[in-house]
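Both complexes shown next keep subunit A, but they swap its partner, so subunit B is in the first and subunit C is in the second.
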Partner chain A sequence: MRLINRKPGRTLAVFLALVPFVALVVAYTVASEMRLAANPSDRLLPSLATLGETAARLFTEGDRRTGEILLWNDTWVSLARLGAGVAIAAATGLLAGLAVGLLPHARAALGTFVAVVSMIPPLAILPILFIVFGLGETSKVALIVLGITPVLIRDMSQRVLDIPRELVVKAETLGASSLVIALRVALPQVMPRLVQSVRLSLGPAWLFLIAAEAIASEAGLGYRIFLVRRYLAMDVILTYVAWITLLAFLIDWALRALSRRLYPWAGGTL
Partner chain B sequence: MTTTRLRAAAAAAALSLGLGAGFGAAPAAAQEKTEFRVAWSIYVGWMPWGYLEDSGIMDTWAEKYGIDVEIVQINDYVESINQYTAGAFDGVSATNMDALSIPAGSGVDTTALIVGDYSNGNDAIIRKGEGGLEDLAGKPVHLVELSVSHYLLARALDSVGLSERDLDGVVNTSDADMIAAYQTDDVQAVVTWNPLVSAILEQPGATKLYDSSDIPGEIIDIMWVNTETLAANPDFGKALAGAWYEVMGLMAAGDEEALTAMAEASGTDLAGYQAQLASTEMFHDPADAVAFTSDPALPETMVAVAAFLFDKGILGEGAPSADFVGVAYPDGSVTGDPNNVRLRYDTTYMQMAADGAL
Partner chain C sequence: MSFVTVRDLFQSYGGRPILERVNLDVPEGEFVSIVGASGCGKSTFLRLLLAEERPSRGEIRIEAQPPAQEPGRERGIVFQRYSVFPHMTVRDNVVAAEAFPARWGRLGRAAARAARDRAQQTLERIGLGHMGEAWPAQLSGGMQQRLAIAQALTARPRILLLDEPFGALDPGTRLAMHDFLAELRAETRMTVFMVSHDLEEAFKLGDRVIVFDKPRWDPTDPGAYGATITYDFDARNGGIPFQTIPSTRLTEETHVLQPA
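So, the complex of A and B:
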């Protein structure tokens, strides 16, 4: 049988899925023990036990001065920024995408502009963002919005253009107006795609969030990571990294579940 | 299926061993060697490191002792210290405070090979508009948290009977974006260092409230090296000190070629660089560096710095008190825990340079 047709059984599939994770943990443990044997105070690769203790402390113990648990506070602050940024970007992406995809005039006006703007690296124009939006929450949300909106608009408009022409013509012969076609033909087709695009944009969105928090802030997951990096507290950084990874995974999973429930006609996706 | 499983397990083991050997490379082992790597980052007092690599002065001295020294510029200051701490370099340029918190706090025994200068105005607290330090109460202050700027702010507030609690918080702001940040309306006061200080003071309405010349000798810029590497390879220390003080001689004599090269490397011109040097107390003469390092004021500074670091939680969770890390001085005295000496001030090589014994 050809290799491309050989499929793993259920047990083997689970085993194969676990292998890379186990390999990573083993590699980390080996490396960590090598370094700790040479220098017991080494902070670069703390032992798993130290990581566990640090994680327990970060999740449960309050700050010495304020008494609030920094990790939860950082999490809420960051998720609020991420949520606001992604929500604004998704709404803009959907509306502009529908307009560009359906209306030739909008396409003529915005198509090239969006294509050009999407090439600007937002991090390179940070000083301008600061002057325009200030140093507070607005500029952090704005960075996320600017970072992911152009891609969403381009993807959405392409999805609208991909709708079979016959569907649109049929709706027209049945007497549908442009608005009705947008709401009843295009929207149901692109909504599942929007969720999928947002899921793919979450990676860049986290990147922009952490970059924004590294530059000027008083709280947030990215802020804490860059702050404790000043004294090489890798135990704290690694705990935060694991936490961010888990959060991102859960958000991704929730969006997928939501998409399946709301738009069953889109079929299963990754 | 059994073979597949075996193969997968074998691959996983090979992969993990490979990875382990890769990123777990043990810190530079203390043994005799002939190749050394030293990291430095852009700062007025450290520009000579770049010059002595580019001009070939380092190579001349290294050859004299039959070794090879590579001086590497790292664009991110904290990352250069982290890399040194992780074992990628044998030496690094850093302040007294960061050497105590990062390598020494991480258990890497580190020695001050060359005490190069102290900040005498290079670090400053600046606000928009008129007013004094007392007026900072209730205002947010933008700075690189946990850096020497933070230490300067703590000392300044202390001098007028205030503490960080009296402020409307400190906002961690990247030094790379400090000038842009200063121009926004949200920012009322910043603490930063040169060349940013001069750039910000050029803006209309900027007032300097306090600077490091108010606490002379407390923010010290030093070339640190791994204690074990130095002990096993004294030639490494001699070559570095020899090359450094040759360049110091050029600087003291006002050698325009050398100074211009350093100015350009730091992104300014000769006049701009000399203005920064004016607020930097360079120890051109090794005898001055020896005298400064042997002064009883140094232990007092280090105790104050350790207290600051402990108060901010920077010494790490394993640190039960501010005395957790011991610091040894040239006369053999120790502050902090004498059983955990991880930071050493040693005048041996600077003394050799002063005696012309290199």
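So, the complex of A and C:
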């Protein structure tokens, strides 16, 4: 039987899914043990036990001065920035995408402009954002918005253009105005796609968030990682990285579940 | 009196003529089948009837009204594919035909309930009463086309356009759809234009079968001339060929490349 036609059973599938994770942990443990054997005070690859202790401390113990648990505080601050940025970008992308995709005049006016703007490297204009918006929350949210909106607009425009011409004509013959076609034909059809695009742009969104926090911030997950880097606190950095990864994965999973729930007609997507 | 009047219709894309001097008079209630080889302009003609495109020259009028600028409620359409809205339930697809002319595309609560009841009756009549809550993707091809026809008729168009509506269906379903369409037509006496690839279907359903072909042919430049109506058959008596040829200068020639 050809390899392309061999399918794993359920148990094997679960096992195979676990293999890379286990391999990663094993590789880390071995490397860590080797370094610690050579130098017990090595800080680069702390043992899993040390990592566990640090994680427990970070998640439960408050700051000695304020009693606030820094990790949770960092998490809320970062999630608020990320949420605001992604929400603004998604709304803008959806509206502009509908306009560009449905209205030839909007397409003529915005199509090339969006294509050019999307080529600006967002990190290159981060200094401008800090100068214009100051070092507060606005500049960090603005970086996320500027970073992912052009891609979302382009993707949404294309999705609207991809709606079969037949469906639009059909709506016209049923007496729908441009507004009704936008609201009742185009909007519902691109919503599942919007969720999908937002899921894909979460990666860049985290990148811009952490970059902005690393450069100028007083709290946040990215800020903390770059702060403790000075003390070579690998145990803290690794805990934060794992925590960010888990958060990102959970958000992605939640969006996917939401999309399946809200748009059952769209069929399953990745 | 002529209900649909087509006068001196020309259509060309980028200088390439597709249709030339098409003239047609169709009385109200007639079922016109449109046949012809691929690329002979029959789909272009249907798009012109639909007002999705406007002709380079000439005009199409329904009941002497000014030619339409864009598709509207007076023209109903059923396509071969993508004929219903995939994001609405089967029943909402029928309700949409009543709700779309509203400002926001939705009806008020009482009107919506009434429209849903009417839609349910429509679905019962076309044998989809039990599928009201299903998504169109859950329907078979024949069911989807039945739904599409019901949806188009709910808007009460003056003319119904069918673009190879049964082209994607298996032969058995296709026969059932013929009966379904014939029944609906007997009820509504609607004026219908149907593009078809299937001659048998065209003669069986149509009162009249018109054939699109190129009356002039340049073997060194096959795209030099456009197509027009070359045959106009009366198909009421089971399609016993009785023809009126619109052009007097027409010669019978098969446009198949002959070996030199």
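In the analysis below, the second predicted complex is superposed on the first by the 270 of 270 C-alpha atoms of A that agree within 3 Å, B and C clash if a C-alpha of one lies under 4 Å from a C-alpha of the other, contacts with A are read in each partner's own complex, and residues count from 1 in each chain.
To be clear about the criterion, a contact is a pair of C-beta atoms (placed from the backbone, for glycine too) under 8 Å apart; a residue touches a chain by one contact, two chains touch by 3 or more.
Everything quoted here is computed from the prediction, not taken from an experiment.
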Touched partner set for A:Gly52, first subunit B, second subunit C, both or neither: neither
Touched partner set for A:Pro40, first subunit B, second subunit C, both or neither: first
Touching partner for A:Gly203 - first (subunit B), second (subunit C), both, neither: neither
Between subunit B and subunit C, more extensive residue contact with subunit A: B
First (subunit B), second (subunit C), both or neither touched by A:Gly62: neither
Overlapping contact positions on subunit A, where the subunit C interface meets the subunit B interface: none
Subunit A - residues contacting subunit B, complex: 9, 12, 15-16, 19-20, 22-24, 26-28, 30-32, 34-35, 37-45, 54, 57, 64, 126-127, 130-131, 134-136, 214-218, 223, 226-227, 229-233, 235
Complex contact set, residues of subunit A against subunit C: 164, 166-167, 169-177, 179-180, 183-185, 188-189, 263-267
Subunit B residues touching subunit A - in the complex, by the definition given at the top: 1, 4-5, 8-9, 11-13, 15-24, 26-27, 29, 78, 82, 85-86, 98, 101-102, 105-108, 142, 145-147, 169-174, 176-177, 180-181, 183-187, 313-318, 342
Touching residues (chain side subunit C, partner subunit A) in the complex: 50, 52, 70-73, 75-77, 79, 81-88, 96-97, 99-106, 135-137, 151-152, 155, 157
